[in-house]
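Two complexes come next, and they have one chain in common, chain A, joined by chain B in the first and chain C in the second.
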Partner chain A sequence: MLEVKDLHSYYGDAHVLHGATLEVNKGEIVALLGRNGMGKTTLIRSIMGLTPPTVRAGEVKWNGETISGLKPHEIASRRIAIVPQGRRLFSSLTVTEHLTMLKSPRVKEGWTIERIFDAFKRLGERRNHRGSQLSGGERGMLAVARALIQDPDLILMDEPSEGLAPVMVQRLEEVIIDLGKTGLGILLVEQNLYSALDAASRVYIMETGKVVHSGTTAALKADMSVVEKFLGVHG
Partner chain B sequence: MNLFQLLNGVTFAALLFIVASGFTLIFGLLRIVNLAHGALYLLGGYFGYSIASWSGSFALGIVGAMAGIALFGILLEGGLLRFVRGHELRQVLLTVGVAFVINDMALVIWGGDSFTVPVPDTLMGAVQIGPVFYPKYRVFVFGAGVAVFLLLWLLMNKTRLGVMIRAGVDDAEMVEACGINIRRIYLWTFLLGAALAGLGGVIGGAYLSLYPTADAEILVFSLAVVIIGGRGSLPGAAIGALMVGLLNSVGQVMFPELAYFVIFGPMAALLAFRPLGLFGKSV
Partner chain C sequence: MSSVLSSAVRRSSPRATFAWLAGTLALLAILPAYLPTYHVSVLTQILIFGVFAMSIDILAGYAGRTSLGHGAIFGTATYVVLYFVSTSGMPLYFAIPLAVLAATLVAAVFAVLAIRTTGVYFLLLTLALGMIVWGICLRWSVVTGGENGIRGDVRPAVIGDSRSFYYVTLICCTALTYAMVRFINSPFGLTLSGIRDSAGRMRSLGYDVSMHLFIGFVMSGFFAGLAGALYAMFNNFVSPSTVALTQSVTGLLMAIVGGVGTLFGALIGSFVMITLENFVSYYTQRWPTVLGLVFIFTMIFAPAGVLGTIRALRARRGN
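Entry: the complex of A and B
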């Protein structure tokens, strides 16, 4: 399980995370909501060990081990994968190369390339296309597939539905729910409130670098006043 | 402009490609403008000259120079450059400093005379290409350039290391976030780029000869090749090398007093329309 405790992160001298605290249990889908600029992406980057930002106080624990301060590849090798904001695919690599780079086609355990292409038929059809030649939906799928091929126990997803057509958002939501059923933990940062609420079992809401609300999705749906207060959305 | 001069242009392009391919790999992935690349070329040439003269084997000279310069590259990357990662100006100044140190050390060891790496008898003499007799060694240089291109192409497209290097050129941070130790990829790339500079030094040392300041000349040409071709692009380096090689021949033959302008004039014009070079991508 992932435990983020009182995390303080800075961009240069700018104090962005003011003691963020949250948990993601094994096999749990947790949504992290909040308006733009509230520190969601900063929190995801801090968990993954990506700099900037720099973590100056607090800690991130993963299955009891402190992982804050480790390098991103060391954190990734502990089975934490990321679907970053904006996807950040490798534009000169083909779909297949995105996957073979991270796992030899000879490995037959966990998420193999065949299993990925079976789960995402469209990616299989486009296997020889480069990252820069894919449509928005395909890019979103490949970003998820690139995380899955690492056989993670936890995926940090930073706005995976960003820029997608409604039908693709729906499809992605189904994928996330299916993945959750396989025992994979997901920390889902989402602007798309309803999509996030359908997939997640618990919700955290961030405001100005702090977690200001935490609770179950059911409770939030029953009382949308919190959503109205922090997200400015009318339930 | 006759066939002989055209061949000279193509041959020079092959040598430039060997040197510039290493330069563009390092520039593309590590974002380091390694201004010591020319010095590595010259040092490789001197290594090759000493080893080939001592052993009587040109092949051993090539292997020794590549291995020696690769080792030098590892020391430079792992021992110095890693401490200034992300600071572009410091990296550039550091590599300039290293270039000065290498040049002065070379002057102390090999002196200021001009040397030519001895080539084996089989590469002496000339072959007939159409109406002209062309030096065999220069045909070998061309062949070496083509071979390096093919091997690099295979490396970059058919091996996992190559795919990781290409991914790193696109987005090094994401490569690391996917669980790959990017530092190791940096080191391999620097080693490869340095070895190519060493190879270029031996091959060029038998073709253009070795002397103090030869490093600056090859560096300027390599810079032009990489700027024209675009950072980190092998096809770009190949086309850039051909352009610079041919323009250099044209310039020397037809406008000797404007030889440099003939290269850098078109380069500047190209950059006005494609600021990232022919195959360059923004980051």
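Entry: the complex of A and C
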């Protein structure tokens, strides 16, 4: 489904990704872990074709087609959505407008606004509130909803639990697990180790722009020395 | 500016908005019966420039791109109507679509050149493009009549009197306002608001920001062209001053005085500025000074414009 092969990305002359390689299969939740500044967000941005960074070598393939070098809107049109770091909502638009912008209310297929409000009851209650009037949890939900309404086959989630209260992190984790059961592929970038391990079936760990570990979540849970080594977390 | 915009875009409930609009429309429909012909003409002018200012507001208020080239787009339509009807004898119902098409094409050329810029660069580029159109109108005298312009009675006899033409203008203005409201509230229109808030954010969501801005500019030009075609029938005369920078500035000031990013505010701005221009000039030759003072007063005490300030006050009272 998504194959990233030996990707090298740069911010100006700074070489940030040093040959990152990973795969996300259909309907699979894959966690991408790593400490701050290891290149996780750079990898997500490189997959999505966002600049900066600049991809100078390597390849991103989606369902067998090379998508590296395409513009972000061309990549998005191939049913890849992103939940960007920090949510990046629009403060002047209401919840409904955030969703209407991406899909007309007249469209009755896939993830409709009604279906979104059914899945995220709190957003339905806050439908006329502006982005600036939402709580952190609601903003996180809206960022996920905004990706879902594009009917993606793959969502790239960049630290969706960032800044959320523990109870909201748990709720978001449930949402991600439920979405995974619908056949949606998710590449989940997280600093919250336990949240990521609960949701994902496979894990990649990045260090200094390279993937230094890959394996199943079960294997990682069984051998936490890897976590201790690369993430500095004591199991 | 963004804080001004964010407060300005607060909207009333749909029912309250509908009641206001229905009341305003009813008032505009019955007013001509009680007004002398001159005042009816002033009202007609207010409506036409209201549409023009709203077309500017689509770009300035919703897409966050302030244009100083819209006077040229507006005036292109006016020139085309007057040229083809009075010089070539073309029927008005052919000349108007042709004029709107010409204005839309001019807008498309402006858009191609300007959409990759923002802020002061966008402002200066649209200003320069508008000046080029003004220069062509001034120098290409074989077609445009040069400084003398083009004069001709293009308005059909059936709407020849001020009141009949006023009602035609009112119907057109209502239809165009409705179309613009639908446009800015459509999924596409909302993407323009997203681009205004953050083009980078829209790009990261997978939007082709340049293409959306291009379409937004062209649509804005289309509405400005329609206003320009109406103005040709209203004024029966066009000269380089119709496409000049002052025309763009006037439209922009109307949008600012009424409230950038409120759409209907542009109509209020048109009312304020044209009323002042017509009635203050009756008493003093220094009416531009009065207009200037009104603008300064608005910028200092109500930077969100008339409608933006009303909405902000209502929102504050609601909180």
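Keep in mind that, in the parts below, the second predicted complex is superposed on the first by the 235 of 235 C-alpha atoms of A that agree within 3 Å, B and C clash if a C-alpha of one lies under 4 Å from a C-alpha of the other, contacts with A are read in each partner's own complex, and residues count from 1 in each chain.
By definition in this document, a residue touches a chain if its C-beta (ideal position, glycine included) is under 8 Å from a C-beta of that chain, and two chains touch if they have at least 3 such contacts.
Computed from a prediction, not measured in an experiment: that's the story for all the values here.
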Side-by-side fit of chain B and chain C on chain A, or clash: clash
First (chain B), second (chain C), both or neither touched by A:V227: neither
Chain B versus chain C as contact partner of A:R88, first or second or both or neither: both
Touched partner set for A:V4, first chain B, second chain C, both or neither: neither
Touched partner set for A:T100, first chain B, second chain C, both or neither: both
Partner chain(s) touched by A:M48 [first = chain B, second = chain C, both, neither]: both
Which superposed partner A:I205 touches (first chain B, second chain C, both, neither): neither
Colliding region between chain B and chain C, picked from 21-29, 75-83 or 165-173 after the shared-chain fit: 75-83
Residues of chain A that lie at the interface with chain B and also at the interface with chain C: 48, 50, 71-73, 76-77, 81-82, 84, 88, 90-93, 97, 100-102, 104, 146, 150
Contact set on chain A toward chain B in their complex: 48, 50, 71-73, 76-77, 81-82, 84, 88, 90-93, 97-98, 100-102, 104, 131, 146, 150
For the chain A and chain C complex, residues of the former touching the latter: 45, 48, 50, 71-73, 75-77, 80-82, 84, 88, 90-93, 97, 100-104, 132, 146, 150
Partner chain A, residues of chain B touching it in the complex: 160, 163-164, 166-167, 169-171, 173-182, 281
Residues of chain C that touch chain A when the two form their complex: 5-6, 9, 186-187, 190-191, 193-194, 197-198, 201, 203-208, 211
